[in-house]
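Per-chain numbering from 1; labels A, B and C assigned in written order.
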């Protein structure tokens, strides 16, 4: 039975990783940038929801909506102010800027909210029973909402006009421009969508793990990033697959081996993947023309 | 027919598949020392692929390459260069942020021998070899009248000069065969004529065989002693410039089927 | 059209003035040391200020060694702190285990620290350097984290509690000598055919291969050398702080060093030195603004990247000889002394700078 419990835990955290990994993959697919600041967006979303509920006393639907709005605006602003000017620069400059933004967000949060953990009230009440263990309904909600969003994203990318634009821009920016696609707007919207997903992930995360700190985003973001790479960075189904795999591996490691080593195992998986198939399980191989 | 026993480069049944696509097949060529051979064909015919195979950028699916009798199978790109095949690139690949002189000095890397230890502690061998290499580099640059530009940044040179620098750099590796990938691209007729002069000059002075890819027919017909025509990965014709010029298969490949035939 | 001078490793005047240059450089290094000792002994610099120069020192070594792999080789290793920690722990465990005269103990400790870090640099480099760009960054980040977690979980490293009671062998002298040595070695290496090979890989790897340069060999050995010096810096760090906490060597530390290299200018050694100097002292200067320190730090990074991605010095590498050359030319111009060409070389007048 322990295996089933660990599996459920794994799927739950994996679902959260998957939502975050989606954001990483979407952004990487379109601008070839590892947005290190993505993890911090989750942190921002968490604080937003907490602030609305604990400090402003707003009901949870409003707080969630506010969080999504805040994150979306934040993501789009960062793109416009910090990443767009560097679009034609060296990759290393973009990467370092992203790292800088990540630190900036962490430290501003530390300044405003202090490093003391904030407690979050799980508003998804109740629990359900599997075998002889109780699982919070938050777990169930996490899985259901994530699946719904993943399906939604797939439809968005494959069936809508903006989805088509996103795919076009990720293939060839210049040609997309010539076809009349507003590349700047498309990229900006992609960041927005990724950030909105991060906000939802934030809310779900907080319901299950009630502590909010300024540094919560960094490990979470890093692991979700590993998930994106594992599944194939740039591939949306890959992000979901990777998220689940990392979540389950982490959970099984904590359950059967040693919770201390869980982090090392996650990075170990990363390294193995990068050595065997760097483009990930579902990723596409790109080659340089000689 | 070319005398195979004295060839400098022997390419036998060379072929490569990319996934399901046969990009090159049954490519045979024996280049003689000092020969200037041209490779022409429509875009996408597989010409640069031949160069990439010769320099181990790709590994062949079929066939092999021998340089002066030595099999190049399994050798890495830098080993192929060390053995004696040098190349230039279709889209110029210079070390743009470095000086013209350094670009050539880098190609002279293997003509020097001093270790890192000797470099750090500036032992006599460092000084001797650096001096010799610099002299050799200047000598090579002088062939193309580029000495005044020795300390200019390579990336800031005008296009024609960059192409010339790439050739100088390739020569610095002391090759037996020089592969030139569209050396006249973007050049006007007078520059092209100068290039033709220079290629002959290089061949005469350094004794290298030249194998070049080109679209500019004046250059190809002007200096190539032999021409191969490639289309869809296969050699469709081979011969002297006159033979190729009037070959109907070649004409069809480039122009499509003539009306009324 | 870029009319900047490219990074050149061979100036026209080199062979004429070489011995002179070396004498000048050596004299300056010795003079610098003498000056430093004077300032300390005469209490112009108080003890606290003198001690502050030690972190400056090992950060310079960290930055300069990272610049080797990052600025010169053109890769983006994000696990540099991992090598520092390996060097730190190795050196510390060695000096704690043996009982030799301080000079010998420290010297050997640093050497072993550097060598151990180099071994790991090699082992990590072999697989990692097969990847390009972003993937290399990610994998080195992964390795850095794995090193941290492993050290955290080993018994003999003290685990989460760290290592305590390391003898404070690190002095200003040790630091100064090692900084000078590091800069010397990397500088002379870069101004040689090996340095050119390294730069060529940064500029265009495919072209470098076709010039006969084994990119695998040079990438691996550069990575290893870079790790070696990081290990030495780690040893200095360990014997200065006297305690080691594995948490100090995570991704954050790697980023701090990366910031120094980037701010100084990728590919500029003087840039790394100046940036390391400034950024190590900055927190001290901002003592009063403790809370705002990190915010300013990260804001600075972002602003510099957006407005001047090439950093303070760009790719410019300071050359004492060149600066003196220019100084003498200027003086000669003022005094209207004619330049008499030395026999044989025929290089003529120095080329005008753009």
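The criterion applied here is as follows: contacts are C-beta pairs under 8 Å (C-beta built on N, C-alpha and C of every residue); 3 or more make two chains touch, one makes a residue touch a chain.
As the structure is a computational prediction, the values presented were derived from the model and not from experiment.
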TODO: Identify the chain whose mean C-alpha position lies nearest to the mean of all protein C-alpha atoms shown.
DONE: C
Open item on the list: Report the chain whose CA-based centre is farthest from the CA-based centre of chain A.
Closed with: B
Open item on the list: As a quick test, compute the distance in whole Å between the mean CA positions of chain A and chain C.
Closed with: 35
TODO: Determine the centre-to-centre distance between chain A and chain B, using the mean Cα coordinates as centres, and give it in whole Å.
DONE: 49
Task: Centre-to-centre distance between chain C and chain B (centres being mean Cα positions), rounded to whole Å - done: 39
Open item on the list: Residues touching two or more other chains, restricted to chain C: which are they?
Closed with: 206
TODO: Spell out, as numbers or ranges, the residues of chain A touching 2 or more other chains.
DONE: 290
TODO: Check each residue of chain B and list the ones that touch at least two other chains.
DONE: 57, 89
Task: chain C residues touching chain B - in the complex, by the definition given at the top - done: 1-12, 15, 22, 184-185, 188-189, 192-197, 199-200, 202-204, 206-215, 221, 315, 351
Task: Touching residues on chain A, where the partner in the complex is chain C - done: 32, 34, 82, 85-86, 89-93, 95-97, 99-101, 103-104, 106-108, 110-111, 222, 225-226, 229, 258, 260-261, 263-264, 267-268, 270-271, 274-275, 278, 288, 290
Open item on the list: For a test of understanding, state which residues of chain C touch chain A in their complex under the given definition.
Closed with: 70, 76, 127, 130-131, 133-135, 137-139, 142-143, 145-146, 149-150, 152-153, 206, 251, 255, 258-259, 262, 266, 291-292, 294-295, 297-299, 301-302, 305-306, 309
Open item on the list: For the complex, give me every residue of chain B touching chain C.
Closed with: 55, 57, 76-78, 81-82, 86-87, 89, 93-102, 105-110, 112, 114, 116, 119-122, 126-127, 129-131, 133-134, 151-156, 169, 172-173
